[in-house]
Structures are given as structure tokens and as C-alpha cells.
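Handing you this structure, nothing more for now.
Note that the chains take the letters A, B, C and D in the order they are written out, and that residue 1 is the start of every chain.
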């Protein structure tokens, strides 16, 4: 199974007075790409919520490499770089389709909780979800 | 009782590539002013939620009179212009403190529902909240 | 020529603590739809900027009919309802693809200025742009 | 000279469907605190722009420690942790006034360019700005 990169055109309201897209939007695009990724591997946010699984953000980081402009189309790739049934880490690369250049890389780290905020060990609580993440992590390490 | 106008400095991330504050922020400032107003008349959003009263937006309108710039301070006045225990209408005027000019006027119209979305008649369901709105509406019509 | 409606999936970060999409996003989606519309009729924002034509918002209005949820796809139709070479008015209707219902209608009214903010009469300053808008307005009144 | 921490109440539109403030707002609050800090040390964004100095973000990182709720007041401290006339790094700590707990820590790293994007060495181009940052960095290392 091969993932499709997430594509996303920038909006006028995302620009700032420097004339470029404001940096605070990138972490929102990462969320959009993550939602799309989870859907592609069969674990939509809405399914997760029905299972009462929440995945709050623990930390994030972002490297801003090239300014992005209004109406540029950004293609975002996402990989699971760590997973151990208590935490998951995603890595993102963003390519500006107009220039072909990487404009941003980033990562987000999440834990798992119930909707009420109690910590979850996925392996015990939701073995199928755990298996899906593990399989995808293995796919990363041993690309077919 | 006299209300204090709500004051609010504009942020860099609220500007757009025209170099001015993007128009989509005004409706957010109206919400900030409304939250502040409700607190001042003793009906905070959080109190309302504890009473399981929600006040979803039915309609809004906005007249954009003067561009607003980064780091300007906007002073927002708010009045209850209609209230009948099923709907409430607020009117807003925004003055740019830097220029002394009105930069925007607007209105929002809200109905009342339970948190689950069932319509509420405030007079029956929450007579105290109803009285507070009525009193404030009367204050508008017959300023002391 | 027939316009394609603008389609747009809602994002997680657009929701609020009521569990629905926050109303302040609708005016942003109207902008997205307008940008797309202008592109479709051959007048992209970027072309307009190269001609040094700006179209600041004068007023807006919005009727919120049905709550919209995370991951819903909204289809937005847009029409030119008034145009006189000094001002233009757009009307928007938004249909939630999940339910088939109209969730929101709205309008925005714009004037025309140079990038520096001086008023423009499009008929004189940019007859081609003027003709494009007029043609599109006529298309609305006399649909072929 | 002692800096005042930046205080900021959270807004309803900053919450998400989990019922807490969406993580994407923290990087915006860091910008607000930075703007306030620069003003306090006599280097407002607007002064910087008049000197044609821009300070684009190079990287950022954020650790999300505790969820923040609607209407909480967040107090943000900011320190210059590195500066060498080509780059500057700020560190942020955010305390939720309601709970007294640190809810978030973060950092941002910026370079200096002209408004047109050409790299700047502040020591050469703007010795006074350079001196201000150096002094403040020294203040950090040798608190009086």
C-alpha cells in the first residue's frame, strides 16, 4: 500500500503583511496531513473518537526553509518515525509544487488517552489500532 | 451600571499581504467583546454552559469602514438591540484608538438552545437569565 | 461557460468546544470560493494585483442555517448579484455534501482601489476587467 | 530593567472539539509575547520595519504540558537564549494563571534579513539594534 501525499493550496487569509504565508499555518497543515494519513491507513479521527481514543500533542518542531506564497500548492508527505503503543511520532516534509523545493519539515509527537484524558496503552486497549500503527512503522523501516 | 468598552490590540498574524488586518478577524473580535459583555452583566459563557444554555449564531453582518493596521488598539462597544426570550441581537461599533475613527460596525443575531441543540425559551427555562437580558435591553432604550 | 462549485473539506482546527465548526470560518471559505471564481472567469487575484487592482471588502452578511461538523465537505456556489464598475456584490450558498442541506448563505460587497488605496472606476481604468464582470453579471441575469 | 510577562486571555474561537484550546494557537501567542518583548526593550516591530529589518522564523519547537481551557489567562515569559548578530533564539514559558502550572514551553529561532529578504549582519547594518540584543543577552547571563 502506498500513501498519497496530501496536497493543499494556500489561502489569502493565511498570508501576513510580509506578503508570505504566516508560519503559524504550517502546524495546521501538519494536522490536515495527519488526518488524511490516518484515513488512508483506515484509522480516521472519527473512528478513533468512536473508540474513545484521543491523541493529544506532546511536542512539535518545525524547520522553515523557504517562504511560501499565496496560491502556492504544498504537497505534504508524512511518516511514522516512532511508535511504542504509548507514544507516536510523525515526521512531515512539505514541497512547494510551484518551485519543487522543500519549504518546511516538521515533527509532532502524540500520546494516547481516553476522551476523558486518562492515558491509554494502545496494545492493551485497542490491539487493532496498535497493529495498524506497528504495521505502518514496519513499512517505514522495511519499505517493500 | 455602565459597561466598559472591550479593548484589543491587533496581532501580526491577523494581517494579510495587503498589509492590513484581514477582514475575517472582525467577527472574532465581536465574539471576544460579547464574551466580555456577558461577563460584565453577570452571565459568563461558562455560567451559561453550566446552565446548559447555548446561543448559536443565526446571522451576522459587518460594515468595514476603515482599514486597521498591525498593533492598532481597537475599542469595541456592544449593545443589545433586540431581545424576546427566543432571540437576541447585538450591535457592535469598533473605534481605532490610533485614529479615533470608527473602523467597523456589525451585528450578530443568536437564538437559545440547550447544549444538545434543542430550542429554549429563556423566559420559561431560565427566568433569571431572561430578566438580565430584558433589564439590559431596557437600559438601552431608556438610558439613565 | 459553466462555473464549477468550490469544494472544501472542514478541518479539525476549525471546530470549537461546541463540537462544530466555528462560525468565523465561513467568511474565510467565502474568500476561498471568490478566489476560485475569479480564477475560473480569468481574473486571478495575482493577475489583479499585477494590474494593481485591489478589491477591499465594504460589507458582508451571513446566515447560519445548519451546524457544520469536522470532516464535512462543503460545496460553495457563488454569483455576481450586482456590478457597476465601482462596486461588486457576490452571493454565496453553501451546501453540506454529507447532508445535502444548505448550511449557510452569505454575501460580500467590494469596491475597487489601486494597491495604494485610491478608488478606481474599473470601466475607465481596466475596461477588460470591467467587461469580464459585466459579462458574468449578464450571464446571471440571462442564463443561457 | 525588568521585563513584564505578557498576559493573554484565551478566546472561544481558539478552542476545538476536544473542548480545549487548539495547539496551533501557542505559536501565535509566542509571536504576541515576542512583539511585546521587543517593544519593552525599545525595538518595536514597526521600528524594525522602518529600519527595513525583518526577522523571519528559521525554526520553532513546542512542548505541550497541560491542556488550556477557554477563558484561562496565560502568562508568558520570554528570554533571549542565543544571539550572534546573524541569528537570535528566544525561549518561552507559559503559565496558566488559573492553575499556576506551566502549560507550555517553546523556542523560536530567527535570522535577520532586509524587507526584500537579503541576509543582514546586524552588527554591521544596525549596530544599535545589535547592541540592544547583546545587552539583553548579557542581562540573561548575568542577572542583576
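As a working rule, contacts are C-beta pairs under 8 Å (C-beta built on N, C-alpha and C of every residue); 3 or more make two chains touch, one makes a residue touch a chain.
Note that the structure is predicted; figures quoted are calculated from it, not measured.
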**Message:** With centres defined by CA atoms only, which chain is the most remote from subunit D?
**Reply:** C
**Request:** Pick out the pair in B-D, A-B or A-D whose interface repeats that of B-C, meaning over half of the contact pairs match by residue number.
**Result:** A-D
**Message:** Just the number, please: Cα centre separation of subunit A and subunit D in whole Å.
**Reply:** 25
**Item:** Chain centre separation (subunit C, subunit D; CA means) in Å
**Value:** 36
**Asked** How many Å are there between the centre of subunit A and the centre of subunit C, using C-alpha atoms for each centre?
**Response** 30
**Message:** Please output the residue numbers of subunit C that touch at least 2 other chains, ranges allowed.
**Reply:** 12-13, 18, 24, 28, 31, 70
**Asked** Contact residues on subunit C for subunit B in the complex?
**Response** 18, 23-24, 27-28, 31, 54, 56-64, 67, 115, 117
**Item:** Parts of subunit A lying in touch with subunit C, wherever the complex brings them together
**Value:** 11-13, 28, 31-32, 35, 44-46, 70-71
**Message:** Taking the touch rule as given, give the residues of subunit D at its contact with subunit C in the complex, in rising order.
**Reply:** 12-13, 15-20, 22, 24, 70
